[in-house]
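Labels for the chains are A, B and C, by order of writing; each one numbers its residues from 1.
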Amino acid sequence: MTIYQNSYSFQHVIEAQQFDRDTLLNWLFPLADVMEKIARAKGVRDFSNIRGVNWFEEPSTRTALSFAIGLDLLGGRMVYSTENAGKFSSRAKGESIEDTIEIINGYNPNIIVARFAEAGDAAKAASISSVPIINAGDGNNQHPTQALLDLYTVYREFGRVETLKFGVVGDLANGRTVKSLAYLASKFPNVQFYFISPSSLNISKNITAYLDKHEVVFAEHDDLREVASILDVIYVTRIQEERGSFLTDQELEPGRFSINQEILDIMSDEAIIMHPLPRKNEIPRYVDKDPRARYFQQAKYGLYIRMALYQMILYPQMVPSLLHL
Amino acid sequence: MTIYQNSYSFQHVIEAQQFDRDTLLNWLFPLADVMEKIARAKGVRDFSNIRGVNWFEEPSTRTALSFAIGLDLLGGRMVYSTENAGKFSSRAKGESIEDTIEIINGYNPNIIVARFAEAGDAAKAASISSVPIINAGDGNNQHPTQALLDLYTVYREFGRVETLKFGVVGDLANGRTVKSLAYLASKFPNVQFYFISPSSLNISKNITAYLDKHEVVFAEHDDLREVASILDVIYVTRIQEERGSFLTDQELEPGRFSINQEILDIMSDEAIIMHPLPRKNEIPRYVDKDPRARYFQQAKYGLYIRMALYQMILYPQMVPSLLHL
Amino acid sequence: MTIYQNSYSFQHVIEAQQFDRDTLLNWLFPLADVMEKIARAKGVRDFSNIRGVNWFEEPSTRTALSFAIGLDLLGGRMVYSTENAGKFSSRAKGESIEDTIEIINGYNPNIIVARFAEAGDAAKAASISSVPIINAGDGNNQHPTQALLDLYTVYREFGRVETLKFGVVGDLANGRTVKSLAYLASKFPNVQFYFISPSSLNISKNITAYLDKHEVVFAEHDDLREVASILDVIYVTRIQEERGSFLTDQELEPGRFSINQEILDIMSDEAIIMHPLPRKNEIPRYVDKDPRARYFQQAKYGLYIRMALYQMILYPQMVPSLLHL
């Protein structure tokens, strides 16, 4: 399948890697800036003929909400949302993802936003769908719109991605988020990664092999305090207890895999703190007031990125004029 | 936080007590009358730029439905509804209600209708939300729109609230409904309450202390038949078996904590029977045909009250002209 | 109750039997053809004042989706959809279906699409509802829109229903689908049924008695290979393991209660293969490319049938002009 057509037009959004640097810097991110203006005003009506389907095999309430509201802000509508189709729908009776997508295609929506329970199902779905599909996460594989919004956050704050030092902290073993971000950020020159995790939750060898192959510099650490002072981005993640992850008493020491006052004190004034949310104790609430905290903006930027993706998929011909090109 | 601004404009709906008598009698109830006309016709388009989110941490299908259809009748739309976010969303992963609301705020909807699992979360949410919030129930604490529709039902039937005698029957120990109604009705002069419940399900001391403090007359009984003849409103509630409530064989005697023919015979012709629904056997179906039965109207009035609240929150400047003032 | 008014106008859709041959051939099926054109274009706006409620007591994600998208294509909107009301709503607290429908009526929607958990509840609901109801399945009783789309598929392929030989294969004991189809097809002259099922999953005596009474010829078999060559329609169904159905090793032999190459070889070139979906192994994926496979079209035709039903219920006066009559 050809999912990538040109710099500002594509049929599906399946994985972070499908976006090249030109698309990100010259089209997607500037378009997301435009979308912010639309979202903060009353929205537009350009998509009045657009019908979307929010097909979530697993719940991801917030992601589904942002896709629904983003489509509405453009003038389209999410005609149907299912929150838990993997448990409720024919998928629970053993139907293949291809059959499910074929049937939804028959109803002729303009776009399908889908969360898939199984890794790889987004690509399978795209391979047979003439309706555009946006992957809102497929198992432990990818969550490309999360990676895009993460990188967009960095870009908005620093005006660039290249040469930045990313510290990624916490449960790196279970991180779909971390994986997609590493793939995407490594497209930019001289980016450096610092993976800071307990030994039981280290980053997977697949990702480090990928980074090696693409000559991206990275290091592994087991204490944030050792490197916090040199990082541009501190990207904190939650320990995913529901997947069996846990920290020992020693690992729970504040500042080691979490933000505390000591970290705030040694961080650069220009650095930023990110988190894909939800958070638990790894970022205490008093950090919210620190001017370097960016995790709520980050969530908000997801709306603009998703709106920009809708635009590039559904009405790419409008993109140049939206960017005043 | 200031949630109450003037007589017909406020930012959030959090608890029954926030409404004073002037607001109820001169603004909210007359506006609900206008909303009935809109709902029975084809609706209006005034809210075409309004996007709502139905955020239900616990299921309450009917309440969610009436909020969605009410918004649509005004010309807006409920862009996304989640039925069971407490079980499905990040809240299930331990996220605080403040974080959840902050993130939804980032998507810039115009109104959030929320059912909260925990008592007190509605106030917490309102304290950090710049988007208006309507509390559709928070744990066992409050369900203010239910209390408002209850009182509106009484007002429509009697043309007044003051001096009425309210008999509240059944499971008073678990009654969020009863609590909010007692708080609200006691704002009116010379209202009297008769609480009729089995000893295991009596009204809480918090409420009776509140009534004492506000010098509202009340009495406790254990048999509806003793007082049915003098009541203006017989408000029946369901025994909440799912919370462990039950009646003994003796307490199940028809007419004691339920409506039967004997009650219908001794009730005043001008009295009315209410129930927050769903009902089980405490009101047999043959009562539906009695001209004093009002529980289905009561449910319907909830739609008008919710529409009136939307109007007062989102476009209060239109309220005087809607009332022809 | 009178649910049937004239040939192209009715209040409710409750059971397959309510449609007579004239309505099907002269109104519903031609109107579904028109709806296909609307669905493949951008839709219409005729229903801009129409508000629907998707009330599903049990999940049936795809059916709910097609009803929602069909209403939207006509210009209306499904204001609220609940996926699992039987588990979540007041119904779970013991409320009667009559009370539920009465309350939804109070909110004044224009149409209620409902999946009921209990057989017979669709008729009960219709008996008290002034809002039109479409039965999207009631327990193991009926699923009339499925039967209509099945018959429409046959009609589109053959240009007729009469004189066709229907082979119905698989789990016939649990088939709401099979039941409604048998009732509906037997309204046409000289239709013949071949029921092909393992002895543990034979068609119910109710249905064969019905066919006997209406003088419809049928036969029972236990091997598809015996009769595949003479059939016009091979309607395959899934073994409903979730209801305890299973096949023995011998019954699992390919071609016996499933499609395999041998069946494809002996089938007539003009015959078609249908399936209500979801399928498991009873139709292997390589069959999808066979020109006689019709199960995906069949699903798609469901959208057009549902749109046609909306039209006949909500704006029957437009039907003649839509058909250029």
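By definition in this document, a residue touches a chain if its C-beta (ideal position, glycine included) is under 8 Å from a C-beta of that chain, and two chains touch if they have at least 3 such contacts.
Worth saying up front: this structure is predicted, and the values here are computed from it rather than measured.
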Q | If a chain touches chain A and chain B alike, it appears here | A | C
Q: Quick one: compare the interface residues of chain B with those of chain C and tell me same or different, with half as the dividing line.
A: different
Q: Could you say what rotation angle superposes chain A on its sequence twin chain C, using C-alpha positions and rounding to the nearest 5°?
A: 120
Q.
Can you work out the whole-Å distance between the CA centroids of chain B and chain C?
A. 40
Q. So which bits of chain C are touching at least two other chains?
A. 77, 81, 83-84
Q.
Using the touch definition from the top, list the residues of chain C that touch chain B in their complex.
A. 49, 51, 53, 77, 79-85, 88-91, 93-96, 98-99, 102-104, 106-109
(Q) Please output the residues of chain B touching chain C within their complex, sorted ascending. (A) 39-40, 42-43, 59-62, 64-66, 68-70, 72-73, 77-78, 81, 83-84, 238, 242, 277-280, 285, 296-297, 299-300, 303
